[in-house]
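Below you will find the structure I want to go over with you.
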Amino acid sequence: MLAIDAAAYKSPWRDVHPAVKGTLFGGLLLCALALPAWPGAAITAVTALVVAFGPAGVEPRAFARAAWAPLLFILTGSVTLLFSVGAPGDAAAGPALGPVAWDPDGLARAAEIVGRATAALLCQLLFAFTTPLADLLPRLTRIGLPAALVEMVALIYRMLFVTLDTARRIGTGQAGRLGYATRRAWIRSVGSLGAALFIRSYDRAQRMQRGLECRGYTGELTVLVDALPLRPQALLAAAAVPLLVAAATIGSGVWL
Amino acid sequence: MSPGGAPATAPAVLAGRDLAFAYDDADPVFTGLNVAVAAGEVLAVLGPNGGGKTTLLRLLAGSLRPRSGEILLDGAGVPQSRRGIGGLRRRVQLVFQDPDDQLFSASVRQDVSFGPLNQGLDTDTVRERVDWALDALDITGLAGQPTHLLSYGQRKRVVLAGALAMRPSVLILDEPTAGLDPAGVESLLATLEGLRASGTTLVVSTHEVDLAYRWADRALVIDHGVLGVGPVRQVLGDTALLSAARLRPAWGPAVGRALRTSGLLPDDAPDPRTPEEVAALLDSDR
Amino acid sequence: MSPGGAPATAPAVLAGRDLAFAYDDADPVFTGLNVAVAAGEVLAVLGPNGGGKTTLLRLLAGSLRPRSGEILLDGAGVPQSRRGIGGLRRRVQLVFQDPDDQLFSASVRQDVSFGPLNQGLDTDTVRERVDWALDALDITGLAGQPTHLLSYGQRKRVVLAGALAMRPSVLILDEPTAGLDPAGVESLLATLEGLRASGTTLVVSTHEVDLAYRWADRALVIDHGVLGVGPVRQVLGDTALLSAARLRPAWGPAVGRALRTSGLLPDDAPDPRTPEEVAALLDSDR
Amino acid sequence: MHIAEGFLPPVHAVAWTAVSAPFVIHGVRSLTTTIRTNPESKLLLGAAGAFCFVLSALKIPSVSGSSSHPTGTGLGAVLFRPPVMAALGTITLLFQALLLAHGGLTTLGANVFSLAIVGPWVAYGVYRLVRGLTRALPEHTSLGLAVFFAASLASLGTYSVTSLQLALAFPDAQSGVLGSFVKFGAIFSVTQIPLAIIEGLVTVIIVRLLIKA
């Protein structure tokens, strides 16, 4: 139903321990943010793409579809860096709102931001594309989050698909009755969809209460989480990649 | 029976030509599917879950876009533009299996008025349409009720009224009898019989071979493509075809054959459609 | 047939005595209802929507408290205390019609482990139970799938596995075939047949008279009270009773009667249960 | 409006996380207290969290064809109160980042501040204020006005905070933070101002229907 989520369950890396993937992609994310943007971001981005389309087996089209919306935000946001407002020379005089002018350093700054953010985005997407939340969420207690919160997050994760499915069905039904044919109808349709969803959500919660009580529910949603083997070698290998990226970046800085 | 959908004798009011569809990156549900719905007929669509029944109905109603092929309304291709789809939806209404998918307003009356209002009709006409549709489904008494307090069967009727209030030429029903008890099924069938009599073309999907047998003019059996199409007696009497579509055989043809063999039924008599007809046969004999 | 539920010959593993229930301030669904489920039997509960089928099942499973009367487990009354209800739920499992009412975990394996963990079993036993239940329902392959990517029929199986993993003495299923296609129904019936063979007592509600006829030992027909109870052949062959409960007559008895009249079936032979049996009758004749 | 992963410099990302943390911790505490005192509320809150996520994913018409419903926090704040929204909003944002790539993990703190803290508090404050001011008007009108302004001003407040966060990270070479704020504000106003008005209208419809039901 959600493309990234569906892809994560089909990922060849699905059975890799989330901690290993967290180390690899978290490390690369740090590289993207902390290393000098050139060539750090470029090396990180290339590494992430090689991992994604190589061993992690991410489907390129799905990856591209997921990436374009945040990329659009990154590009729009960095446009503002290309120009500055306020007449030159007025800078010291404070925030006077003068005419708009090209910023001579703007292009370099924008390129740096775009590079960094793109590399970081790729790392985040890679993690999402290879790590199913059903495997990740129950393990969040290990990093110290309260069990009650983790239980709530896991419950919301399950229920959001039920709600999403309801929303899609109602939306399709409304469209069939021309509910999205005009802007006015559209607003009316979204409003009534939202209200219907709220009522259904409340109803669903009550029905689930009954349904789970029959299974012995008394307030705790305890489940058995099977242990995934966490091999130290895998963790080391995962950590090695960002370290190599960092070394390559710093090394190239020395040589350049 | 040749796949490809034999053209109906009456002119097709709604048709699909060479339709192909796939959900996202999954395997295609079907490719090169042809179907034609004749004006005024009742067409039953049968097949296993996941075989493409609902997909086909949604394509015909403009609720999904075909990957290739086209939908024809009165013989003319429907363009896959916003305007084209809008025009299709004005003529063809699809009623989903689960009534909760189509009920979202606070009151029954408000819900039924949703479609006519979106058609841009003036309030007097909308009111007229709503009254007429509520009356046609025998639920005028429910008009002021909040939708979430209705029983399942009542909700099914309200959704049907909401589609009917748009005065469609073709009404498409996805599993309309699912979840209804036998009394509810009988009452729905009576309502649909009335619609058919008033000239509405009906396309109905169902699992229940006995029901389709009893009630449709033609049957279309699909499972990732057309397995068979034709008059119900011919298609649903074909045990091999039904078994290929993972459907249970109908009682009617099996019993008809047995009764003809035993001489209880003349050789040229049609098969019984209900257990009552079998009982009546015996009683008339005495 | 006398209302009041004739006692089964085998000792009743689960029973309701003089049950009355009403939702909030509404009229009572029923009063003074008696029912007894014999160990190892399959009891079909039939009746129109709104007639109290689901209410009765929920009372038997401890999911609703009777206004008056009591539930008996192995002949002993179940106290309406937290402890009493808890004890009942360990022995009696109810599977709802809508699987989404009982699935709360995104992982199939984790969800199935919920019930056994609530029984206070140690993790090794829980793991064993989960594996066994997944295997019994033939869904071991789904263990790693996320719940939200499963089909409706698959989710139904997962819920059933979750109930089974608690090793209940009595398994109560509310409309288990609703929404399944004929192939899905057949495969579910085969699974339940296996459970029955292993000694699980089953109580199953359904609209489908033909299905109950084919498959249950006894039938209970209710509509705001017991209309009839007894062996399926006797209860579901009673056309007047079925019509009083707004149920459609079954094909089997009608056809059986016709075939016996025509001499195709010996006078003491049982009614056919499926169209296939009718066909086989003719073929064996030749 | 979500700040994408990697768009904020690390120092800013850490700072906004620190700013948001107390609100989120307070929200989680009040959530767990609610659950402990009333165990029946667990599934209800789960459903509410799922509802918040789906509401934020609904498409509504905007200048560029259609766009995701930006916040939905206005409605959430009026229905569930701001502390609960801080917790549910954070969970929603986490799912948006991982399932939809809307917003990021390192920018989660910044996005939580604008969407799950400022938005709900603005909505709640405006709602109470307008209700007080319009006490003389008929109930129907008073409620409609309060909900409309709560939802649209929450949406505008969120977008202003996001612009400010970006301005602080990337001050203008000439006119500093204020100039940069104007730049970011102007660029995103094209989509955000119409969205705020539409969100107000949609929320009014939702609340009116909920009251009837």
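Read from first to last, the chains carry the letters A, B, C and D; within each, the first residue is number 1.
The working rule: a residue touches a chain if its C-beta (ideal position, glycine included) is under 8 Å from a C-beta of that chain, and two chains touch if they have at least 3 such contacts.
Going by UniProt, the chains are A = Cobalt ECF transporter T component CbiQ; B, C = ABC transporter ATP-binding protein.
Quantities reported herein were computed from a predicted structural model and do not represent experimental measurements.
Asker: Please identify each chain that touches chain A as well as chain D.
Answerer: Chains touching both chain A and chain D: B.
Asker: Between what two chains do the most C-beta pairs come into contact?
Answerer: The chain pair with the largest number of C-beta contacts is A-D.
Asker: What is the distance, in whole Å, between the centres of chain C and chain D, each centre taken as the mean of its C-alpha atoms?
Answerer: 48
Asker: If you average the Cα atoms of chain A and of chain C to get two centres, how far apart are those centres in Å?
Answerer: 45
Asker: On chain A, where are the residues touching two or more other chains?
Answerer: Chain A, residues with two or more chain partners: 5, 133, 155, 157, 159, 162, 192-193, 195-196, 199, 204, 208, 212, 218, 221.
Asker: Pull out every residue in chain C that's touching 2 or more other chains.
Answerer: As it turns out, chain C has residues touching two or more other chains at 104.
Asker: What parts of chain D, by residue number, touch at least two of the other chains?
Answerer: 43, 209, 213, in rising order.
Asker: Which two-chain combinations touch?
Answerer: A-B, A-C, A-D, B-C, B-D
Asker: Quick one: which bits of chain D touch chain B in the complex? Just the residue numbers, please.
Answerer: Chain D reaches chain B through residues 209, 212-213.
Asker: Please name which positions on chain C make contact with chain A in the complex.
Answerer: It is residues 58, 61-63, 86, 89-90, 93-94, 96, 98, 100-107, 109-111, 113-115, 117-119, 123, 126-127, 130, 144-149, 162-163, 166 of chain C that touch chain A.
Asker: What does chain C use to touch chain B in their complex?
Answerer: 47-50, 151-153, 178-184, 186, 207, 209, 239, 246-251, 253-255, 257-259, 261-264, 274-276, 278-279, 281-282, 285
Asker: Using the touch rule from the top, collect the residues of chain A that touch chain B in their complex.
Answerer: Of all residues in chain A, those touching chain B are 3, 59, 61-62, 166, 169-170, 172-179, 181-182, 185, 192-193, 195-196, 199-200, 203.
Asker: Could you pull out which chain B residues touch chain D in their complex?
Answerer: 105-107, 146, 148
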